[in-house]
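For clarity, chains are labelled A, B, C and D in written order, and residue numbers in each chain start from 1.
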Amino acid sequence: MIDKTVAGVPDAVVGIRDGSTIMIGGFGRAGQPVELIDALIEQGATDLTIVSNNAGNGDRGLAALLAAGRVRRMVCSFPRQHDSWVFDGLYRAGRIELEIVPQGNLAERIRAAGAGIGAFFSPTGVGTELAAGKEERVIDGRRYVLEYPIRADVALISAYRGDRWGNLVYRETARNFGPVMASAAVTTVVQVDEVVELGSLDPECVVTPGIFVDRVVAVTPRRWVRDGAFVGGVDIDGEPLAVTS
Amino acid sequence: MIDKTVAGVPDAVVGIRDGSTIMIGGFGRAGQPVELIDALIEQGATDLTIVSNNAGNGDRGLAALLAAGRVRRMVCSFPRQHDSWVFDGLYRAGRIELEIVPQGNLAERIRAAGAGIGAFFSPTGVGTELAAGKEERVIDGRRYVLEYPIRADVALISAYRGDRWGNLVYRETARNFGPVMASAAVTTVVQVDEVVELGSLDPECVVTPGIFVDRVVAVTPRRWVRDGAFVGGVDIDGEPLAVTS
Amino acid sequence: MTGLGRAELAQRIARDIPEGSYVNLGIGAPTLVANHLPAGLEIILHTENGLLGMGPAPEPGLVDPDLINAGKQPVTALPGAAYFHHADSFGMMRGGHLDVCVLGAFQVSSSGDLANWSTGAPGAIPAVGGAMDLASGAKNVWVMTDLLTRDGASKLVAECSYPLTGVGCVSRVYTDRAIFDVTPDGFRVRELFGDTTLGELERLTALDLT
Amino acid sequence: MTGLGRAELAQRIARDIPEGSYVNLGIGAPTLVANHLPAGLEIILHTENGLLGMGPAPEPGLVDPDLINAGKQPVTALPGAAYFHHADSFGMMRGGHLDVCVLGAFQVSSSGDLANWSTGAPGAIPAVGGAMDLASGAKNVWVMTDLLTRDGASKLVAECSYPLTGVGCVSRVYTDRAIFDVTPDGFRVRELFGDTTLGELERLTALDLT
């Protein structure tokens, strides 16, 4: 029997090595696998390269990993946010390397890794400093730059439901980078709200087929959903929403 | 109000011009938009380039379009099948041009057109006669050939259900080339079993968002499905299955 | 003050978007355009973090942390919406399927170059997000901006001094003082707001306008 | 006749596939392997026309024209299955996510080149399908074939004379007479069937085997 589920988050991050490249799903906080990141901090791997759209929010999740001094290099599209003080401090102190990649090129380069594409010509960034030094070519009258795949040793992502084969569905815009990252890592680790019976995910609606997934772990379900229905009333940390306006 | 539905198949193929490049969805008969092809034959456009995985089966659908002499050139991965006698005859008589593209390169080139990729390096076909004359490059020790997008004037595809915004869901392996072709054509025309109320397709399960779709037309629903459930008992032409084995 | 306020400008832009358009509104001021889309007309909003058919902000108690826009603000999804992953979302954009994208700007050059992601200031933390993809992808890239910076410098320039977001990508600029089309001959004034005159614009921008 | 019949060979191949593998079985003889996968072991079959978790042929009255395999034969989907479109399906393949792919062959060279899509005969209608993608994509490409053609020619060759499907892609060849691994030193016999001897194989193939 194939069973990709593991009992707890410590099991989910076993074996991650110093110096690894790790993709972390999420767009801001939505879809960020906070529990897996906490487990990674506990696990201790360091000198990491992190590939993620942002560079942490507030003090939890990716920000906590950065604060713990585990990250040598960030590859992302948008590190600077109103609540990215941890990254900002490290960057200004010269304690972290940064590679900025336009968001669509980031997504497509990750997809290319997963889909076995050696490189591709993208129109994004042409003529800007982010394309400096990159191979350029005019195709059918349009300028493109050559972009290479981004691969990882490990992907840590968050999905909504999964089964023991690793099939996944997501929730709303928390889907974001999960599906492409799952395809681009040697080992893909997923936290889900719920592990469901094999066969209970509609095969027409599976977003990430299990072939891309290695480990699935159930974490505390999001508190704004009950029995599959959105109920609201709390924020992403589970704190009651102030309903004042 | 956005309403991409049209009343009948003749309206769905209005304006298709001689000399057009037309993508036709389907893998063999599964997902082949037979009613739209019949309407195209009726409509009369000729001198067409057809991009489709196969080159027709039996005497209906794409085979009928070929038999009607409307196709100058076929771009496909697998024309030769046990029931591809129409294409076989035309080809042997020198009455049709043929470009063979490996199936995965065909799908990826169509996707590239839809996704604005100028060209990409594929490992498929390297060192074979289908890569002859193509630009080759070694990336990270692996050989790749450069493949260009395939675009079309029109895509004719078959989906299961659609709404007035053009959102689509498919059925099983009849999905095949539909989603990528929908993205790669100037005008995408879809036949569906059923046009459903806007909002009744689960936004988590929409496979082709309406942005890729221009016209939706309802055709006679597949006869092996009733009220959304598979009931079997008939073949793809609606003929009763002989249950003898 | 002559010309349009922020909200009026957003309304003016909204009026130029035809029904049935697929539209991406950039972070910041362009987001305001959503508030002014004519009721009863269906215009489909794209947010690059994976949603077509984005609706307005939710009721305060019904904020869904999984449902946000590119600015990471809570939004809703309309009937007819669809979710997709980032590669599909940016494929949609890069593939030219969006009709209109409205972006903010630091500078726009008379050949349509856009600078809106970095001032190039030493020590600033660079962050591009989807700006370059949006600039290179949509069929029509419109800019929404004040004509002048707080210091009175023109944002319409002969050549951008800030780092570029995209080359020759902007087709129209909506400012508080006028609407400009980008043409092969440079900026052409399409519409003047308030008592703004062409001469005044030429003086403020130090450009030859047509 | 010494060696294994078709069904026995399919069974032998099936035995070498570890539980949990993702496997694509090519059109023709390789399809037979599915009938011999050990009951109770979960091995997930991929069909490149858009399905993971492919099950056996349906009951005769329950043929579903929408649910076919790459050979366009009716199949079923197991609990845990997932459907996807062609670009995703071939991305899965090209990206190296399949553990094993079993293909037929006209010829396999001692450096692992595969020829299985065209005999290059004049007048033949070329048709490649997914053969080249499968050959270049799976982690392990196994070939299932008779050792000899009907005319007694060896399908194992020093260099393919037929048009290639893939270069250096085959890692193992299962024939009716023996199993061969493709190594940097050419074919190495892994297992002999029946009373086949190494000397006999060298005579039949005219190759130096190890």
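Everything that follows uses one rule, which is that contacts are C-beta pairs under 8 Å (C-beta built on N, C-alpha and C of every residue); 3 or more make two chains touch, one makes a residue touch a chain.
Predicted, not measured: the structure shown is a model, and the values here were computed from it.
Undergrad: Just how many steps, at minimum, does a route from chain C to chain D need if it may pass only between touching chains?
TA: 2
Undergrad: So which chain is the furthest away from chain D, centre to centre on CA atoms?
TA: Chain C.
Undergrad: Could you quickly compare A-C and B-C and let me know which has more C-beta contacts?
TA: Answer to which pair has more contacts is A-C.
Undergrad: If you average the Cα atoms of chain A and of chain B to get two centres, how far apart are those centres in Å?
TA: 33
Undergrad: Between chain B and chain D, what distance separates the C-alpha centroids? Give it in angstrom.
TA: One centre to the other, that is 28 Å.
Undergrad: Please report how many Å separate the Cα centroid of chain B from that of chain C, as a whole number.
TA: 36
Undergrad: Which positions in chain B are in touch with at least two other chains?
TA: Within chain B, the residues that touch at least two other chains are 108, 111, 115-117, 122-123, 170-172, 204, 207.
Undergrad: At least two partner chains per residue is the criterion; list those residues in chain D.
TA: If we look for residues of chain D contacting two or more partner chains, we find 77, 83-84, 87, 90-91, 93-94, 137.
Undergrad: Considering only which chains touch which, label the overall pattern as line, ring, star, complete or other.
TA: Here the contact pattern is something else, fitting no line, ring, star or complete shape.
Undergrad: What pairs of chains are touching here?
TA: Chain pairs that touch: A-B, A-C, A-D, B-C, B-D.
Undergrad: Could you please specify the touching residues of chain B with respect to chain A in the complex?
TA: So the residues of chain B touching chain A come out as 108, 112, 115-123, 137, 139-140, 142, 144, 148, 169-172, 202, 204-205, 207.
Undergrad: Residues of chain D touching chain A in their complex?
TA: Per the touch definition, chain D meets chain A at residues 19-20, 22, 42, 44, 46, 52-53, 77-84, 87, 90-98, 137.
Undergrad: Mind pulling up the chain B residues that touch chain D in the complex?
TA: Contact set of chain B toward chain D: 27-31, 53, 77-81, 87-88, 91-92, 98, 100-108, 110-111, 122-130, 143, 170-180, 207, 222, 224, 230, 232-233, 235-236, 241-245.
Undergrad: For the complex, which residues does chain B have touching chain C?
TA: Those in contact with chain C are residues 1-2, 111, 113-117, 163-165, 167, 183, 198-199, 201, 203-204, 206, 209-212.
Undergrad: Quick check: in the complex, which residue numbers of chain C touch chain A?
TA: Interface residues on chain C, with respect to chain A: 47-51, 58, 60-68, 72, 77, 83-87, 89-91, 93-94, 113, 123, 125-133, 136-137, 163-167.
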